[in-house]
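Alright, structures below, take your time with them.
Look at the two complexes coming up: chain A is in both, with chain B in one and chain C in the other.
Our next item is the complex of A and B:
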């Protein structure tokens, strides 16, 4: 529901985002007088402007959601560029591809009535794709979740997220609960075979949320929660790396130079940052081995401070609230469930990794949506946003149609 | 070209921490304000559009009670049903509005014998149009769709000599002929009932003493509330 009166308010939101990135990149440029960094100080804010205010003119979208997500993406690019310029530039390319996927997501939902026949094909492709790492995958950090295709290495479970959400929303909107549970069960079983427990946890939680929302059954919720508890106990007793992670979570100082090294360094980095941070370009968070992916939140707190970290958490909370609001305004069950699934996925993933970084919950190997380094992660996160945006644009059209019908009624 | 010296850069960077935090707070604050403003605007729009999300109503032909018709949902007697009707299965049939086609009705169970316009609805579903009558066994309901919706017109039954019988013709009209599409926002209560049915009925004579006149159907010249 976009009106002319709203646009200046949206510009008022985009301006501080642009100013933030301009100031930060100029500061980084001053460190070495690097002209490329100065160029980024202009290009990144322009990119934010184009993606937030110009893109919705071509493809109807929720500008508030776009502004918040673009802030997070730009923050990721800034943090990565500051720690490793090559990764920062690579992330800009990933972002460009991600925006393309987001537009495809919007179009897919807008033309859903014509494209919903593709759902069975998508479901089969998702299962096949998810099975690939089991046979051809390469192991990283204990999980066999990566495959290399034509020289490009990626994580199929990240791409399958989109398919998982669409297929579940479609099946549950048609009250095919059993079929949806079977589909989710196959995905989960394949993730367990890959030992990618962090992603399996996310898939399980999202399936439970969506099934409960579709059925409203407390029995389903109770069984699902009991199943999760049983799965956690089973995972703890079967997988040695789960036991190790739990013990590190309870006391990382048992082995600070070995298995607890990452979390200890992360906690030290955050403590160094304090309330206000060490200052951009003055941090030392690169000592954390996975500083660009799993621990990027620690890097942000190290350089920008705990208070800024709280603002980042608030941005995720706002994205989630906006997603729920989009879900509640939807006219069809499919759109409601899809929007709910998308916003829950983003929020839950952010919670799991931020909670892991600050030692609130055991650490799992998932990325911080929109911020962490990684092509597949950023592209899939923007793809999920595209689906959410698609629902938002359908909602806008529905309201326009209702207004037109009301007008006809008044004239009649 | 070398950059700022380390102490100067450190000073600038540490000073800029507060500026960057301030901007982050402004971003969050403005996002919250924008969300609130947009929410108020949405609620205001919804107040102006009381029928938003609806495509019409389902009217009980016996009592005149109407149920708002959402674009998509379930008709049944269970709590999860969008339209709850007594005396039918918990999940009797699903409905979904399809622009250009009408309101698609799909029975939830293959053993259901639900009738739409006197024809059995098969498992693949059938489209209800404005004026269509849904027979759920003991009760019949009429679909009344809003004007302005992209729905094909429903054709009345072709003329047949059997309709010449005034009693049959009246019955047919009650069941098959549709009133004009309903403007949204209007109260649909009683619209399904002809004027005669809303008026106080005269007391019937004692059992066994029915006159010939009391058995006759009401006049065919009744008018609906919408003036047709």
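Our next item is the complex of A and C:
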């Protein structure tokens, strides 16, 4: 019943998004008169249509959530294609792989009853995977979070996110709080060793949120917050690159051409954009280092304006709220906790990186979910979405079952 | 499960607050600092735009052309070398040597970034190179040229003239001047840093001119302040230091009005000690010290009252305006304006009008009260004392026949400098000449001798400007 009433909402949402992407790519095509860009002007909107409205016919999924996420993915592809076409194209491939992973996520949760025996294996694999960069990692921007495997370099902490969410939800749904804290502690310690503090912060916050929800204990909440504060102080005193980040955050203008360059250029890019943006293809946000990953939000504000940026934040809030409503509707503790963890992860990750871009908090090198360039990041974000969609489809299944029982009851 | 759902609600609230804080903080910081970021010298985007847009012209308040560009975008300043030198710090220069001049801080208008979509479209269709907005600014070229001639030759310093009712700046000059179209080769080596706009960027202690703030603190904290008398014996021991007066004068038994008139350090040191550091800080902050100045038209260095934990001799020296006080000449002009304007401090303004290529007014002057440091009656008492300073006190040299001039001198000691910095703050108590000014001559000597006569010349010149 519910789904029938809501169907028009995502249909209404998809059409303007398709039109937006169509006109955006046409505009880019006119700029350089490139036929390939014109082809994308047709292909990308069609892709959005297919991924939002046709895909759920094959796999049960929450279409509204899909519509919102596809908007962000398309926005990412557009922004990347505009700044560096090669990256835009490779992001399209990443997206295709990510959709595959999302479908796997949905299936995993749908067949959870049969697959939950895999949890111990997943937990062990997660720890092993997370430990890899500590030994074989390559250092980028102060963090040693990347490894190269079969010629592909990626960030294990991104993939382990999925395992982390599933294992925590599983343990907490069985009231094994201590085990879950130990498991999270190992992941966190390994992340600290990789010096990837932004990701560590996210893992920490998600663990805290899930443990608090499962136990409702204010002790956990206050201990956790105190622990975070202690961790922050510890990180500040141990790592010189943390101290540097904090001092840049406090005043990047001390050295606008040196250490503060990134943040200063990010702020200037947003100021250049103003309320309405400079216009697609007319900005110059490429002067910001890492414009495709860490600072993609500044690039979006530069060309589309502050109002549009506020809308992007609102889209994350909507995704979060939709995820929460899935959590609230679900009937098992495991599914509730999992849906909560997934939606919080997406929302908090968006907060951490956007906050870093606008200098609300110190910058940490995490990606903007669904938008930033990066295979591992996009795939893991879509994987998290898959888990969330899995819970949604289980909810739908439950509702159908109820209706069946009600029907049988009436007949009987 | 019910418990979990209650807990989830708490988390939802927290996460939504975080997301909302992104929008809130983003809007706040872009709203307050956006123009500063935009006009910063590291903004390559604005520099690129300069190739595509012919920047608008800049006129003074009377329509005198101060800056214009040819079709290639080369910038020209006034044909009169005296005018373009006098205007160089407020207007800025095309090479961005002067930070935060109109040329850089108002680039959003000059390069048409604030143009509406329709305006951009019209210009794009017309096929000619885009033009930015013309600006009319509040300074008066002829007044500034006059001040440039009257200012002591070879000296450094600053002169600010402000309309205390509206906050418009009629003059904003920093000395030494330089000619933007003929910059001397060795200018960077000049110890007086000609590129530096001292009126807005130079922080120092204003000496006795600060006594007006100490007086305001006394009025706010001592009920019968003006009826009291103080004993000045010529020397006053505080800790290991002795506070004395200029020329080792001994003023005897005097009241506060007389103490302002003769600029008695000892009396004001006693007041500062009596009130204590906190009351002095509060009164100073009421005048905008320790503020983060975020004016729409100007970038002004923030003034600072010394930090806490000070020993009594430092507090005592704050009364007569020495100690570690840091203020800009522009801020002193704002403080003077507040006294003149019945206790209302206006935000300093430069932009009168921005006019688009199509002739639409995009922005115009909108006076705004910045702070309310004084009650009207308190402002009257201080103004009254400042009037006495000019009629029979230390600033008789600032008097102009036919005008009610009020003022206060200052002679600020600077370590390692031969003479004191000469300060004069003052205003005209005339309804149709609402002007306040601040004059500083670095290493100039006594405020009464070096700064007050210059102020008199400026006031006399201002007689012509009945706006």
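Just so we're on the same page, the second predicted complex is superposed on the first by the 403 of 412 C-alpha atoms of A that agree within 3 Å, B and C clash if a C-alpha of one lies under 4 Å from a C-alpha of the other, contacts with A are read in each partner's own complex, and residues count from 1 in each chain.
The rule is short, and it goes like this: a residue touches a chain if its C-beta (ideal position, glycine included) is under 8 Å from a C-beta of that chain, and two chains touch if they have at least 3 such contacts.
On a predicted model such as this, the values are computed, not experimentally measured, just so you know.
Once chain A of one complex is fitted onto chain A of the other, the partner contacts of A:151 are absent, as it touches neither chain B nor chain C. Applying the stated contact rule after C-alpha superposition, one finds that A:320 touches chain C and leaves chain B untouched.
Of the two partners chain B and chain C, it is B that touches the larger number of chain A residues. Looking at the shared chain after the overlay, A:19 reaches chain B, while chain C stays out of its contact range. Legend: residue contacts after superposition of the two complexes on their common chain; A:404 is shown touching chain B, with no touch to chain C.
Applying the stated contact rule after C-alpha superposition, one finds that A:287 touches chain C and leaves chain B untouched.
Of the two partner chains placed by the overlay, only chain C lies in contact with A:354; chain B stays clear of it. Judged by the touch definition given at the top, the superposed model places A:333 against both chain B and chain C.
Shared interface residues of chain A, touching chain B in one complex and chain C in the other, are 216, 276, 278, 314, 321, 333.
Here chain A touches chain C in the complex through residues 209, 212-214, 216, 256-257, 264-265, 267-272, 274, 276, 278, 283-284, 287, 306, 309-310, 313-314, 316-317, 320-321, 324, 327-328, 333, 336-337, 340, 344, 347-348, 350-351, 354-355, 358-360, going by the rule given at the top. Residues 1-4, 9-10, 12-14, 16-21, 23-28, 30-35, 37-39, 41-42, 45, 48-49, 51-53, 70-73, 80, 91, 94, 96, 98, 108, 146-149, 183-186 of chain B are the ones that touch chain A when the two sit in their complex. Against chain B, in their complex, chain A makes its touches with residues 1, 3, 6, 9-10, 12-13, 16-17, 19-20, 23-24, 27, 29-34, 64, 67-68, 71, 113, 174-175, 215-216, 276-282, 304-305, 307-308, 311-312, 314-315, 318, 321-322, 325, 329, 331-333, 398-399, 402-410, 412. By the touch criterion stated above, chain C contacts chain A in their complex at residues 1, 3-8, 10-12, 15-16, 18-23, 25-27, 29-30, 33-35, 37-38, 40, 42-46, 48, 113, 117.
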